[in-house]
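One chain, subunit A, links the two complexes that follow: it is found with subunit B in the first and with subunit C in the second.
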Partner chain A sequence: MASIRISGLHHRYEPDAAPVLEGVDLELGDGEAHAILGGSGAGKTTLLHLLAGLLHPSAGTIEFDGREVTGASPAERHVAQVFQFPVLYPALDVAGNLGFPLVNRGWSAAAVRRRVGEVAELLSIAALLTRKPKRLSLFEKQLTAIGRALVRPDVALVLLDEPLTAVEPAAKWRLRQALKAVQDELGLTMIYVTHDQTEALTFAERITLLHHGKVLQTGSPEALYQQPAHEAVARFIGSPGMNLVDGEVSAGSIRCNGQVLGTTAAADGRCLLGFRPEWAAVGDRGVPVTVRTTRALGTLSGVAAGLVTAELDGKVIHVQQRLDGLVGNQARLLVDPSRILLYRDGWLVNDATG
Partner chain B sequence: MQRANNRAWLAVAPVVLVVAFTAIAPLMTVVNYSVQDIFDVHTRLFVGLDWYRETLRDPRFLEALARQLGFSALVLALEIPLGIWIARCMPLQGRMTVAFLIVLAVPLLIPWNVVGVIWQIFARPDIGLLGAAVTALGVSYNYTSSALDAWITLALMDMWHWTSLVALLCFAGLAAIPPAYYQAAELDGASRWQVFRHVELPHLKSVLTIAVLLRLMDSLMIYTEPFVLTGGGPGASTTFLSQYLTSMAVGQFDLGPAAAFSVLYFLLILLLCWLFYTSVMKRGDEAA
Partner chain C sequence: MSAPNGKAHWSLYLYCLFLLVPLYWLISMAVKSNRDILGGLELVPGNPTLANFVEIATNPAWYGAFINSLTYVCLNAALSITVALPAAYAFSRYRFLGDKQLFFWLLTNRMAPPAVFLLPFFQLYSAVGLFDTPLAVALAHCLFTVPLAVWILEGFVSAVPKELDEMAAIDGHSFPFFFFRIFIPVIRGGIGVTLFFCFMFSWVELLIARTLTASEAKPIVVAMTRTVSASGLDWGVLAAAGVLTILPGLAVVWFVRRHLVKGFAMGRV
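After this line comes the complex of A and B, so read on.
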């Protein structure tokens, strides 16, 4: 287990190719469960390869426990990885697969057997130890691959590259629970890469959102939800994502379509107004909107509640609210004035505290 | 109970007919010859299994059989490891890969008798590049007079001709291994030998099965190249089954014994391939 510090990491695969990572900075505490979230092409897998030592960065440094490992080989770093699909050695049984990294490091047969037994117990795969990978389900295979990543007691960092991708949907939840339990029990430093925000939000203490090779924000799941530092984070996190509509600031007032929605200390000028669906309400006051659909999702204090989809200046917005009193499709939108987020050139310019 | 509708079998009829005319009928003709003594078109005598008994007691058949098995074992033992090694040395992608593939494919495109002619000249101690070079080095080498030299030349020629096939199959197998397996092995601290043993070899199992089967069948049937290169000599030292069979059937018109020989030969190839295939498959099931 180790704390990790990444500074100014750049990477390009060919000297004249476009950079895959551009100045990534990241710090992880010892024993932290960290998720790296991003769409395809964000540079997630490249970042993992750089951490594992399978690739070496074009620029920047990586430190484990304050010791620079930027040029070190995978063997020197004590990093383990779980891949998107279960990577097992077909000729070895489960016990052989689990023990493989230990045998390679010259452990005695008895010590290997003892450690493999412990890990198998931890993951509840002790009954499978004599099976060959061919006779395991995808879930059991991936569990074995996870076990192989955990087997070295001196492992500095465990990398998980979308480990639930290949698993049957019904087993995803079980595997996630198993991973979380292992993390809690062993206190390993783990980096979990995914494009699925639910996986990231449930697994990690802190999340880093990677977008086109840049870190847009690192923070707790709640911080990413409440205070997205960049409009791409606002869109990515949440389901549906944050509403972003055109507006402006003039003389300390936040305006949208001529209506004042709140006040701010931010400088005058055009900006995007961001608000979560539950921070707003469609009713009889505020900015005129056209209601397209309403979808009841249940009741709130005895009143039908759900999701309202409306249009503002041609942009679709979602609002989560009570559905009574909505008549016709012409209505008005009000947003909690203390929670309106202002984005200029993509970045958050006010710090609304809700 | 519902009556099964068997009309679909009619759709198979044309294929059955073609196979009957091209494979079953000729094979049965051979079986028919093998149990009769034929003097001319109208005079024949049913002899039962006599020809089979005679063939199995024929020392020349048994010697050819032993040589045949020895030759197959030798070329397999040389070509399979060499093919794997060549495939592992090839770059997985890039311009060099294409160059390698083309060079490897060339020997496979050369007709067998041409291969024989090429080597007959190449290995001649007086004018052949290989033969003259070896002779110039002071090694006494002559494939027309020394049985050992003839065998070495034949084995080299077979490797020259067929190692490419094994290498190409293995290359296809290696190219299909996802990079994650190599990455995992590197993170797990595996040595180069372990990467070969635990990552590459298991993934090559099915292509190697095909490669061994093809080389086994083909080497058991080898005829043209030794016929051109050594003519079965010196003496009978490179006379393999097919060559002995041809000399019986075409040279001496011993149709009965030749037919019995053919059936035995066919069954032998079938048996060896079946033994190999089932043992591989059974091992696979146990390993599962």
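After this line comes the complex of A and C, so read on.
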């Protein structure tokens, strides 16, 4: 296992092409489960290839345990990878696939058998060891692929490239549990790349959000939810995402449509106001809004509660609240003043610690 | 597909009968003497004999021709795969200037009838001393089989996920190790299908084979068209040679029959 440090990583595929990664900095502790979250084209797969050594960066450095490996070949890095779709050698059975990396490193047959047995036990695939890949379900194939990644005891880093994509929804949860259990037990440094925030939030201790080749934020799942550093993070995390409406700061007060919503130490000027659906309430005080729909999702303390979709200045906002007392289309919106986040040029400018 | 009903069965049997009649006639001629063949209509051979086959097995002109044919066919198949496999891998995995153009224009050789190339081949091989050798025919056939092989193999190579290459690299295998020990076993079905098509082209091709050989390397297809002796045509021996010529093709089809279907499904064959 190793700690990883990436600094100033740039990558472009052709000398005159647009950069895929632009100045990525990232630090991972030894044994950390880290998720890299981002939409398609964010540069996630490129980052993995750079970490694995399949590609070499245009600029920047990668260090494993303080040792620079930027120009090292994949073989020298001791990295393992699990791909989106399970890749197995079709001619070998499960045991053969699991043991292949060891056989090629000159392990004795007995040592290989012992190690394969251990890994199979860990992933509960011991019963499948003699099967050929074509007789496995997708779930079992992916488990085997994960086993392959774990089989080398000297593996420094395990890379997972959207490993749950190909697995049917019912098995996703089981596979994630299996992964998490293995991670806890072996203390592996793992990087899990995904576009699915639920997977990232449940798997990782820390998450890095990658957007158009740049790191927007690295932090705990809670930090990304409570304090998104960039409005793209605010939109990406949460379902529905954060509400972002136009507003301004003047003389220390946060205003929206002329109404004062709170106070701040941020400088005067226009900005976007961000708040989570559960940090606001539609009622009879605050900024005028037009209610479009309400959807009951259950009850809260015996009162119907749900999601209110409203319109403010032509922007759709979502609010999670009690549904009693909402009559007619015209209402007013009030936001918890201590939790309003202000974004200017995309970045968070106030430090609302709620 | 619905279960075949009685009518469909009958039409199938009729079709098979239709296909098998000439084949049956060939086989029945092969086990008859010349006198019986010319004697009159005989549905089942009255005096079956293996004399025709014995003649082929003992006459160097006949079995030599078989050996010549098999030599250049095997040479051609081996050469085609050796050249086409790396090419197909490159076309499938790498992007380079003009790759799509080159891939398409590979087929230009197949757009011209082989006869076009007879004269240049004849002149060239005579000049370099390759004329009348199996290698000459094998090389000439490569002009047609290599593009075909590249096209077929490219489909099979592209069907293998790129992640397999990446996984092998991450596992720390060198490229030659990956290519020979991991990749080739994975696409062995495709290689089989390609071998089949190279074999088929080279085995049945007559024009080039005849032009580039004289006496030393005379192939079986040529031997069969030139067998006129003093006593007229030797019908029985000719038919026996025909039967033997069909056998290698049957054997090859038998080995690749499962992969062949896959190849057809991929649209590359």
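One rule holds in what follows: the second predicted complex is superposed on the first by the 354 of 354 C-alpha atoms of A that agree within 3 Å, B and C clash if a C-alpha of one lies under 4 Å from a C-alpha of the other, contacts with A are read in each partner's own complex, and residues count from 1 in each chain.
We take it that a contact is a pair of C-beta atoms (placed from the backbone, for glycine too) under 8 Å apart; a residue touches a chain by one contact, two chains touch by 3 or more.
Please read these numbers as outputs of a predicted model, since none were measured by experiment.
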Looking at the superposed three-chain arrangement on subunit A, would you call subunit B and subunit C a clash or a fit? clash
When the two structures are overlaid on chain A, which partner does A:Y89 contact: first (subunit B), second (subunit C), both, or neither? both
Based on the superposed arrangement, let me know which partner A:R174 touches: subunit B (first), subunit C (second), both, or neither? neither
Is A:R292 touching anything from subunit B or subunit C once the two structures are fitted on A? First, second, both or neither. neither
Is A:P101 in contact with subunit B, with subunit C, with both, or with neither (first, second, both, neither)? both
State whether A:L54 touches subunit B only (first), subunit C only (second), both chains, or neither. both
Looking at the overlay, does A:R135 come into contact with subunit B only (first), subunit C only (second), both, or neither? first
Which residues of subunit A are in contact with subunit B in one complex and with subunit C in the other? 49, 52, 54, 74-75, 79-81, 83-85, 87, 89-91, 100-101, 104-105
Touching subunit A in the complex: which residues of subunit B? 178, 180-181, 183-184, 186-191, 194, 197-199, 201-203, 287-288
Mind listing the subunit A positions that touch subunit B in their complex? 49, 52, 54, 74-75, 79-81, 83-85, 87, 89-92, 100-101, 104-105, 132, 134-135, 148
Residues of subunit C defined as touching subunit A within the complex: 161, 163-164, 166-167, 169-173, 182, 185-186
Under the stated contact criterion, what part of subunit A meets subunit C in this complex? 49, 52-54, 73-75, 79-81, 83-85, 87, 89-91, 100-101, 104-105
